[in-house]
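Each structure below appears as C-alpha cells.
The two complexes that follow have chain A in common; it is paired with chain B in the first and with chain C in the second.
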Partner chain A sequence: MKKFIGKRAVASAISLVGLVIMVFFLSRLTGDPTDLYLPVDASLQAREQFREINGLNDPLMVQFGRYVADLAVLDFGNSIRRSRPAIDVVLEGFAWTLWLACVTMLLVTFAAIVIGSLAAFRVGGIFDRIATFFSLVGASAPDFWIAIVAIVVFAVNLRWLPTSGTGTIWHWVLPVSVLFIRPFGLILQVVRGSMIGVLSSAYVKTARAKGVRNRPIIFVHGLRNGMLPVITVIGDQAAGILNGAVIVETIFGFPGIGKLMIDSILQRDFNVVLAAIMVSALAIFLMNLLIDLAYALLDPRIRY
Partner chain B sequence: MTEHLLEVCDLSVEFHTAGGTVKAVQDVSWHLDRGETLAILGESGSGKSVSASAIMNLIDMPPGRITSGRILLNGADMLKMTAEERRRINGARIAMIFQDPLAHLNPVYTVGWQIAEMMTTHGTPAAEARERALALLKRVGIPEPAEAMAKYPHQFSGGQRQRLMIAMALAFKPDILIADEPTTALDVTVQAQVLALLEELQAETGMGLLLITHDLGVVAEIADRVVVMNSGRIVETGNAAEVYSNPQHPYTKKLIGAAPGKGAMPAERDRGGEPLLRVERLSKHYGAFHALKGVSFTIMPGETVAVVGESGSGKSTLARALLRLEEPSGGQAFYKGRDLVTMPPKDLFGLRREIQMVFQDPTQSLNPRMSVYQLISEAWAIHPEILPRARWRARVAELLTKVGLDPGMAQRYPHQFSGGQRQRIAIARALALEPRLIVCDEAVSALDVSIQAQVIALLEGLRREFGLSYLFIAHDLPVVRDFADRVIVMKEGEIVEEGTVRQIFNAPHEPYTRALLAASLDPDPEVQARRREARLAEGLLTA
Partner chain C sequence: MTHKLTCTTGLLLGALFGTAAFAQDHNAVTIVLSEELELIDPCMASQSNIGRVLLQNISETLTVFEPSTAELLPKLAESWEETEAGTWRFKLRSGVSFSDGTPFGASDVVHSLERSISDQISCEIGGKYFGGFEIEAVAVDDTTVDITSDPAQPILPLLMSSLTIVPEETPLEYVQTPVGTGPYEMTERNMGTDIVLERREDYWGEMPAVTKATYIFRSDSAVRAAMIEVGEADIAPVISELDATNPETDFAYPNSETTYMRLDHATAPTDDRRVREALNLAVDREAFIGTLMAQEAILATAVVPPSTAGYNADLQPYAFDPDRARELLAEAEADGVPVDAEIRIIGRIGLFPNDAEVLEALMAMFQDVGFNVTLEMLEVGEYNTYYNRPFAEERGPQMVSAQHDNAKGDPVFSMYFKYGTEGQQSGLVYPELDEMIAKATAATGEERAALWSEVMTSIHEEHIGDVLLFHMVGFSRVNPRLDFKPTIATNSELQLSQIGFK
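After this line comes the complex of A and B, so read on.
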C-alpha cells in the first residue's frame, strides 16, 4: 500500500516538474506585466523600477532559477496584482472551488446513483426516462448557455436568486445547479449501464432465491459491485470542477480558483498562475489516490 | 388425490425475444415428495432449469411469460401468490444452489455476512444469525469456520464455495432444496464429496431434493426418480434405475447410448520407432509456486495421450508450456528431434503450424467479429506457404465438410452456431494448418454428451485419416477411456502414474488414480450403487 502510494507520488512529481517548467516559460511569452500595471504615460524610470522590484530584468534562466530556489522553501512568490503571497491568494480561491466541487459532486453522486439504479432496475420505467432526459440535456446544452439563461430566468425575471457573487446560501443555488447538469447526465448513464449488468448477475439471482427484498438487492448487493466503474467517472468529473469551473465561476462571479486563474493570466500575474496550477495538480493527485483507495475499499479482490 | 410437497402441473413458459417467441417449456408436470430426490435430466436448451426458475420466481417477466399451469406447494398455488408471499417462501421453505458458486456468491461481501443475510432477511436478529452461520459453516465442513466467516468468496476453493452455498441454502432447514447443476464445475473427487454432503443433509432434514443436471452419472449416484426433458417437453419419467435399464423414449435411448465410458478400450499399440514428441523434465514456476515439476513423457505418431488430474494439477500449464504460450522454466521438449523449449522464435513460428490447440470454450476462442471463412482462412494469411489465396474458398468448404458442417455456412458468424458446432469450427481451424499434433485442452468438457460423442468420433476419424496425434487434456475419465491410447495422471505438477488405458482403468497402481476412478460416476445406477457400498466400506469419502 505504502509502496503503491510512493510510486504514484513519484510519477506525479515528475509530471508536475514538467508542468511547472512549461507554464513558467509559456506564461512569460504572453508579454511584460509592466505594460499592464503602469499607466500608459508612466516614465521609463518608473517602468524600470517596477521591473527591478518584480525581478523582471534578469535573464529568463536566472528568473527561473530563483523561482525554483524559492519553491524549494515553499515560497511561491508574491502576487503582483495583490501584493501578497501568491499561495495565500490561490488557497483562498481553492477553498471556494473545493466547496463548490464537494457540494456539487455530493448532490450529483447521490442523485445519479439513486436514479440510475432505479432506472436499471426497471428499464423503460419513469426513472429510466429521467435518466435519458438528463443525459441528453447534459450532453447537448452548453453550460455557459444554461448559466446565462438561468440568470435571466431566475435572477432577472423572477428575482428569486442573486445573479452573482457569494454571501448567502442562495448565491450557491445557480452555480451548483448549472455545474450539476453535465456530470449528472454522464454519471447517471454510467450508473445505469453498470447496474443493468450487475442486476442480471448470478449473485443477484442468488439474492432473489434467498428472498432478499428489492431495495437491498439494488442498493446492497448491486450497488457496491456496480460502483467500481462509476467511481472512475465521478473522480474525473470532480477533477474537472476542481481544476476550475472556469466558465461557471466567471459568469456567476464566484471567487474560485478557475476565475482566479483566468484573471491572473489576463493580468500576467505569473506567480499566481503557477501556484494555482500546482495546487490544482496536487488536488487532482490526491483525488486519484482517493479513487484508488475507494476501489480497494469496495472490492476486496483489489489489493495494492 | 394425494397432496405432494411440491407439484408442477402443466407448466408452460414462453420468452418473447426479438427473434420471435421461444417456448421454453410446454405442459411440464412433475412432483416432489418429502425426503425424495428427483432429477430433471436434459441437455442445454432442453428447458430443464425453467420450472425451477418458475418455482423461485426468477423468471424475468418480460421477456418471460408463464402461459399456463400451476405450481402447488403443499396444495397452495404459488403462481397465484403475491410477490411478497413468494419472497417469504424463497430461502425459508424452498432454497436453491447453483452451478458456478463463484459467480453466484457476491464477490464484495464476506461469506459470513452472506450466510447471515439469508436469516436476517427473514427476520432473524443479526447476532443470532451470525451464530447460526458459524454453526452452518462447521456443519458443511469448512475448515476453521470462525476465520472463514470474515473471508471473501474468492479466498475459497471451488468445492468449498459450493459448500458455502449449501450452508446458506440450509439455514432454515427448507422443505425443498433445488440444486441446479451443483457439481458440474467441480473435480470428480470434490463432486463425490458434495453429493455425499447433500445426501447426508437430506437424511438429516428430510427435505425434498430437486436436482437439475445433464449428467447421467449424477442421476445414477443420487436420484430416486428422474424426469427426462428434451426441447421443453418431458419425454420420460420414472424410477432412475428403471429408466436407465429400460428407456422407452428414443431420446432417452440416444442420451444413454451417448454416455461415454462403455465402449471397448483401444487395443495396445506398438510404440516402437521415433516418438513425435519427447518431453523431458519440463517445468514451470510462477515465483515460488511450482506449477509443473519436471514432467517427462512421449507421444508417438498417431497416438492419443490423455492427461488427467484435478484442477491445479498442472494439466493446462503443461499444454501452454509445450506450445510456449507460456515460457517453460526448464526442461526440454523434442518435436521431431528439435527442442521446442530453446528454439528461436523464428523457427518456432514455422513449427507452430504443426502443433495446434483446441480450447475448452469455443465461444471465447473464436473471435465473434470474424466469419467462419475468415476464422479458418486466417491461418493461411499467417502461413501463406500452405495454400495460395485462390484455393482458400474451396479448402474452407472442404474443411467444413470434414468436420460435419455445411460448407454454405462459411459466411456466418460464431454466435449463429451451437456450442458443438462452434467446437467443430475450432477443430476445422486447427486442421487448416495441417498439423501433426493437436493439443485439446478440455476440448469436449463444455459440450452436451450427445455432442461430445460426435466430436470425439470426429477427432477419432481425423486421427485415422491423417495419422494425427493428440495430447488430450481432460478431467472426465469416461471420455478418456473411450478415446485415449495412453493416460498420464497428474497431481500437484507431477506425473503420478502413466500407462495404457487398460492398465490405468483396470489395474491402477497409485492410490490417487484409484481415488479418481472411484469418484468418477458411472451412468448406470446399479454400478453406482455397488461403488457406493464399496466406498462406504472403505470409508474413502467420509468428508
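After this line comes the complex of A and C, so read on.
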C-alpha cells in the first residue's frame, strides 16, 4: 500500500511540475497585465512604473527562474491584484469550496444511492419512472437558470430563504440545492444502472431464494458490488465542484476558488492562477487516492 | 432536561438567525457592491469600487468638489491661496485625528502626496491625477503646507480633492487596514464576504446618522436588486437597467461617463473634415435612446458631462441627415479623398451595456451612407494598443469606440489626454487647439470656464473631433427606509454621511 501511495505521489508530482510549467508560460501568452490593472487613462510613465514594480519588464525566463526559486521555499508570490500572498488568497477561497463540495457530495451520494437503488429494485415501476424523470431533468438543467429561479421563488416571492451570502445555515440551502441537482441526476442514473445489473445476478437470486428480505438484498448484498462504477462518477463530480462551482459561487456570492480562478485568469493575476491550480491539483490527487482506497475496501480482489 | 432543551434550542436559533439579529440596528446599513475590494489602500480610491467604501468615509481629502453646485469646498484644509505662481498654501484644520488616534498635521499631507507619486508603490491616484508634471509638498508648520507644481497647475486645489490623506507612518506598500480622518473606521474585513465600517465617536466633524455600514459583494445584478427588494441590503449602487423596474426604489443618475467614437485625424479618409461630418450626420442618435441606451441618456456635444465647468449648453448634437452625409462623401471623393477605404471600428468587449449591439447599429448606419466599415470587438489588453499612444504607424483608418469618465468638474482632466496632439488617447493633431487647451489650463475662474467652452466648441464644430454619442446613466436601487438619492458622484464614491433615515 505504501509503495502504491508513493508511486501515485511521484506520478502526481511529475504531472504537477508539467502543469506549472505549462500554465506559467501559457498564462503569459495572454498578454501584459498592466493594461488590466491601471485605468485606461494611466500615463506611459505609470505603466512603466507598474511593470518595473511587478518584475514584468524582465525576460520571461528570468521571471520563470525567480518563480521556481521562490516556489522551492514554498513562496507562491504575491497576488498583484490584492497585494497579498497568493497562497493565502487561494486557501481562503478553497476552504469555502471544500465545505460546499463536502456538504453537497454527502447529500448527493446519500440521496442518489438510496433512490437509485430503490428505483432499480422495481424497474419500470412508478417510483423508477418518477426518479428517472427528475434525475434526467436535473442532469440537463442549466445551473444559472435554476439558481436565479430559486432566488426569485424561495427568496423574493416566498421569503423563506436568504437570496445569497454565507452568514447562517439558511444561506447554504439554496447554493447547496442548486449544486445538488446535476450530480444527483447523473449519479442516480449510474446507481440505478449498476444496481439493475447486480440485482439480476445469480448470487442475488440465490439470496432471494434463501428468503433474505428485500432491504438486505438491496443495501447489503447488492450495493457493495454495485458501488464500484458509482464511486468513479462520485469522484468525477466531486472533482468538478472542487475545481470551483463558478456559477453558484458567482450568483450566491460564495467566495470560493472557482470564481477566484476565473477572475484571476481574466485579470492576469498569474501567481493566484498558479497557486489555485496547484491547490486544486493537490486536492484532486488526494481525492483520487481516496477513491482507489475505496475500491480496495469494497472489492477484496483489488490489492495494491 | 427541559433546561438543556431550552438552551440547545436557544443556541440553535442564535446560530440560525444571528445575521437577522444584527440587521435590527435601525441606523446600520448594508451596501451591496458588484465586486469585492481586492485592495483597500486609500491611494487606490480613484477606483470606483474602492472609492465607494473609502472616500470621505474612512479617507478624507483637503478639499471636496460638489458636483451639484460645481463648488470646491474645504475639508481637511480650511482655506487655500496661491502664494506665488505654481505654489498654493493650504491652512489645515486643527483638532483632527486619524482613526488610530494619531493627530493630523502638515507632515501627513506631505507624506500622502509623496506616497501617491512614489515609484515604490503603484498608486492609481498618483498616476491618474498627478502625472505629467512635477509636484512637491513642504510642511511650513503643523497646520500649514505649501504645494508646488511645475508647470503651474491652476486647479491644484481641485486636484487636492483626489488626494486621500494617510498618516505619516503609512508604509510605501499597500495597506490592508486603511487609516484615515473620516467619520468611519474599518472594524472588520472578512475576505470574500464583507467589510464593516463603524462610526467614530471622536470624529472632528458633524456626526453622520449611519452608525455602521456593512459592504457585501454580489456579482449578479439580479441578486443585488433582489437583496434590496427583500430587505437584505439597503443600497445597490449599480444595477443593470433591466433590473431597474421599480420606480419607488430605483434611480437613474448621470454616471459621468460619455461614450464616443474616436476619430483618427492623421489618417485618410478621417483626416478630411467632410468625412468626419458625414460620419456624424450618418448617426441617428435619437433611435438609441430608450432602446439600446437608457431613456435617461443624454445626447453628447462634449466628452465631459454637462456639470463640468465651461460646458457649452448651446452646442447641438449633429442631426441625423443621411442625404447630406452622402453629399459630403461625394464631394470628398471628387477631391480625391479615399472615402471607400475600409474603416475599422475597434470596440472593447463589455465597455458599456449593449456595447456590441450599439456598435453593430452604428456600423449599419455608416454603411448606409456609403462608408466601408467593419467591426472588431477586442478584449481590453488588445483594445488598449489601439486606444493608447503610441499608435501603430501602419494602423490604417479606424474609429475607436471609447467611454470617458470625468466627475471632477474640470475639463483639464479630459482635454489634454483626449484632444492634445500628444495626448495619450488623442486622435487630433492641431497645434492651435493645443494652444487653446494650454491657455484654458492656465486660466482661473470665469475666464477659465469661458476658455474651456471655446475649446469644446472648436472641437465639436470646427475640427469635428469625434463622433460624440451619449452622456451615460447608471441605475441604483435604494431601500425605501433610507433618505438617499444617488447623484453623479455615486459612480465614484458613496458618502455614508449623506444617507438619512425616513
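Assume the second predicted complex is superposed on the first by the 295 of 304 C-alpha atoms of A that agree within 3 Å, B and C clash if a C-alpha of one lies under 4 Å from a C-alpha of the other, contacts with A are read in each partner's own complex, and residues count from 1 in each chain.
What we mean here is this: contacts are C-beta pairs under 8 Å (C-beta built on N, C-alpha and C of every residue); 3 or more make two chains touch, one makes a residue touch a chain.
Since this is a predicted model, take the numbers as computed values, not measurements.
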Touching partner for A:Leu36 - first (chain B), second (chain C), both, neither: second
Which of chain B and chain C A:Ala46 touches, first, second, both or neither: second
Contacts of A:Ser83 with chain B and chain C, given as first, second, both or neither: second
Of chain C and chain B, partner touching more chain A residues: C
Contacts of A:Asn57 with chain B and chain C, given as first, second, both or neither: neither
Which superposed partner A:Ser15 touches (first chain B, second chain C, both, neither): neither
Chain A contact footprint on chain C (complex, rising order): 15-19, 36, 38-39, 41, 46-47, 119-122, 124, 126-128, 131-132, 173-174, 176, 191-193, 216-220, 222-223, 226-227, 229-230, 232, 380-382, 384, 387-389, 417, 424-425
Touching residues on chain A, where the partner in the complex is chain B: 201-203, 205-213, 216, 221, 224-225, 298-301
Sites on chain B touched by chain A in the complex: 56-58, 87-92, 95-96, 98, 100, 103-109, 117-118, 121-122, 152, 154, 165, 168
Chain C contact footprint on chain A (complex, rising order): 30-32, 35-46, 49-50, 52-54, 79, 81-84, 89, 92-93, 96, 148, 151-152, 155-156, 159, 162-170, 250-253, 255, 259, 268
